[in-house]
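Both complexes shown next keep chain A, but they swap its partner, so chain B is in the first and chain C is in the second.
Right after this comes the complex of A and B.
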């Protein structure tokens, strides 16, 4: 680890900057884009834990995101719960679902988990589309309330029904996700997850229970996804099966890969690029998935560790002792 | 009482008997060599003992308790730890993180302690790091801690594998061909490391293809051939046993040895 005295100052500067962005950017269109970036960032941080840090590919990510969104939407619209109750419910529900899927499929090595999640992603989008009495079918659920405002005292309250209000709500969760990922990597659990990704045999012989570690990683990952699903539903105030289809899962996998899997800033960078890109690609919307597919392939083949990984590799190479041999 | 006892250990792959009714004892504090020609079943026997393969029949006990069919991570938590013949490291992680993963069993503070940055977490992390640096120095990896494991020179890759295993705090340390593929210089270094481990009172089982390494280190040697124990003895006895010379070194060597 490199200790840098200026690093903390730099981080402080960036945190201040992101807090000031709504003041600097007045255009509601850009504010909206930023909110969507943050939403995806939270979700990709979740994906990062299972696919990036633990190395188990979840290709049904968007389906699980849908679970969080539908639970939260149904909790507020049908059960008349407040958003602040619906959100933890969505987190819990998604985590439980993750456990049920992960418990059998993560015991096997290799591609089984990826295949299981791919299938469940597809099954879930079929369920969203066809379980009309509950999910509303293809028309989805509309008129989802915005998060209820928090009133601290007379005159001081936080409302989240505006873009700026929601920006701050998301920002807090993004910073929280970043912090959780950071502390995870500094804990024995996080290192065990990395060990499972890097080398299962060696991890086992170092005393790490690999199945349990993978299941914990998946549950933790699902909690982020549940949180994001809930925020998603209450930001757009409308959800439909299209948002939680298999191509959406691949978009988030692409975000993770391009940003840098298993890194701390990768999810944020990936979400930023791939939320902005569809806006740019709007004129060729029909072909956008082709572009994503191409980008994903190029990255997997040439830059498997993404943008952040590339930067890390360059600095590592520069620090390597010459001739590959160092005298002590 | 022996630290590890194998009784009538048997392993069949399809029609092939890889390990045939092997009885084996490892005494506390010794360094036991296990040799044999290619395909003698050394690595299979090794995998049976360390829980990476289930035996077809037979039993294994460790510290007087039966451990047959225990998963590797449970065995590791009891101090029975192995290294691998092929290069086995966590390639994308730093050398220090590799060794820190080896400390997994010795850190009590979990994820929540890390999340809330509890004092226990900070103390244990510091202890683990200090220990990892000490181990790194012990095996001769000083100065490489910050670098990615995959960038180590070849000779040090296996040293790192040993460091990771050593970090778990083994009581019985099983090394699978630690010197394979190494040049003379690297071999000398790895023998030195193994000797230092032995001197720190860790019981060792050394599986080796390379005679010079075993002869240098072990006080007792078991020779395996075609899955069964051929003989057992000290290096001197093994070197001069005609059966061993025949199966292991070839008939030509026997003739050569005879003229000496």
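Right after this comes the complex of A and C.
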């Protein structure tokens, strides 16, 4: 690949723009939507690692998100820990669950992993709803504290209990997720994951330990999900089982597919579309799930690479003839 | 108490067997993990509700008509939704099926609302006692009807031309098409039969439980567990697995915890994956 200074400048411009958004957009309602977009972006980046890059579909994703959220909420509310301790705890806890679920099901090929995650998602919904002393049952947990502010020195401190403060907190993690996904795709491990996605037999004969690669991918994915769950709990300050139900998992799978699975910008675009659209088109609220189902089917049949894949295909077909002429 | 739970389990098991048999056939023949199978079961419930309660047809005629109507619907979704992805990447089937599930479930919610509908049947008030067990006639009918349908499927698969063609296709699709079996027709027929059986389960259980848009979301997961338990594509395995699942759930719900009744099947599932992923009756994958 050719190093492209123009491209780097463009990226720098976009990053600057994203940092300036809260200054440009004053309406708290839009700031809230952006925060929600970022929250889901982190979660879908996690999903991207296991489903997009490694090709193993986790369709109980929202349940794992719930694990992170509940761990984090319980750590701050019951154990009185600070957010900055609860968050790593949520990441760790979710990763442990990921290992426990991934170990039996990722050794097998085909649909077993997908079905296990779906079943586990249902079990988690039951636990969230019925384990009332701990999870609060259907009413959930409320009065979760916002992330505590960081004081660097006298007079300089960062507070996260405002929408703008939270925006920057999320932004840092979104950029981190983007960076880790990018580095992963370039690394040996990431290429092993892609090889597992494309052809397990071939990957195995090339010496890639497929089960181990899949499990590592899943644990890595779960760490993002745990992080997102924690942020989710401390942003909304309230969690209940509905947010972590199986339909929510399908929504995030749809986000990934429509954005473009296995791509770098796909998760961001998918999360943006599926968080912003329902807000903009309030009138179709009743129809939203029917529309999600239809969109997922249409994309799988006609645009399996998603929006990012479509753009890549278009730019490539535009570029190809030019290169061809040059060679003549 | 124990015997009562076994009988309850058998009745539930009959319905699970009906749902699972269709799912395992679709899985074995077309390699589609049909997550939307539960919504087909749901459609069976709504069909019988409209035919018997709204339009006043006799219950058994309504069940028979539901099987037929939903069977036709199965042919339609095979053609429109699943045919474009045959031979496509692995697991796309699961995703497109989940899209279909979300679509149909919420479509039902929009069309018919979220309130539960009850279906009246002729024998709900008649109770039969034997030993220490008492069951309503309706439940006995459910069990009998599922056994009859399963027996009919068995005869169809083993003794008719089309049935044998389905079995041949599930064993070796290439070989089957070489000897002149039209795979398109087989796929269509498989979807029709599977959908019809799932609709039968939904229609028969409708008087015992209620009819509502998400009524299929738990049964479909349990059917998946049964399919894996019995070995993918194994029709006998699905029947035995269906009854085992019904009994396990009934006993677990009575003696362990009724809140987590639905979780037992998933614990069984993870156990099977760990110990015998090819299923109780399946051949080793190696």
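Criterion: the second predicted complex is superposed on the first by the 311 of 328 C-alpha atoms of A that agree within 3 Å, B and C clash if a C-alpha of one lies under 4 Å from a C-alpha of the other, contacts with A are read in each partner's own complex, and residues count from 1 in each chain.
The rule is short, and it goes like this: contacts are C-beta pairs under 8 Å (C-beta built on N, C-alpha and C of every residue); 3 or more make two chains touch, one makes a residue touch a chain.
Predicted, not measured: the structure shown is a model, and the values here were computed from it.
Participant: Is A:189 touching the first partner chain B, the second partner chain C, both, or neither of them?
Facilitator: In the superposition, A:189 touches chain B alone.
Participant: Thinking of the overlay built on chain A, is A:27 touched by chain B (first), by chain C (second), by both, or by neither?
Facilitator: Neither partner.
Participant: I'd like to know which partner A:180 touches here: chain B for first, chain C for second, both or neither.
Facilitator: After superposing on A, A:180 lies in contact with chain B but is clear of chain C.
Participant: Between chain B (first) and chain C (second), which, if any, makes contact with A:201: first, second, both or neither?
Facilitator: In the superposition, A:201 contacts chain B only.
Participant: Looking at A:319 after the superposition, I want to know if it touches chain B, chain C, both of them or none. Which is it: first, second, both, neither?
Facilitator: first
Participant: Is A:209 contacted by the first partner chain B, the second partner chain C, both or neither?
Facilitator: First partner only, chain B.
Participant: Please identify the positions on chain A that touch both chain B and chain C, taking each partner from its own complex.
Facilitator: Of chain A, no residue contacts chain B in one complex and chain C in the other.
Participant: Can you tell me which positions in chain B touch chain A when the two form their complex?
Facilitator: The touching residues are 50, 52, 71-73, 76-77, 81-82, 84, 88-94, 97, 100-105, 107, 109-111, 113-115, 117, 121, 125, 140, 142-144, 146-148, 151, 153, 161, 164-165, 167-168.
Participant: Can you name the residues of chain A that touch chain C in the complex?
Facilitator: 55, 57, 59, 104-105, 107-108, 110-112, 114-116, 118-120, 122-123, 126-127, 130, 246-247, 250, 253-254, 257, 286-287, 289-290, 292-297, 300-301, 304
Participant: Which part of chain A faces chain B closely enough to touch in the complex?
Facilitator: For chain A paired with chain B, touching residues are 1-2, 180, 183-184, 186-192, 194-195, 198-199, 201-210, 262, 305, 316, 319-321, 324-326, 328.
Participant: What does chain C use to touch chain A in their complex?
Facilitator: Touch list, chain C to chain A: 33, 35, 81, 84-85, 88-92, 94-96, 98-107, 109-110, 217-218, 221, 224-225, 228, 259-260, 262-263, 265-267, 269-270, 273-274, 277.
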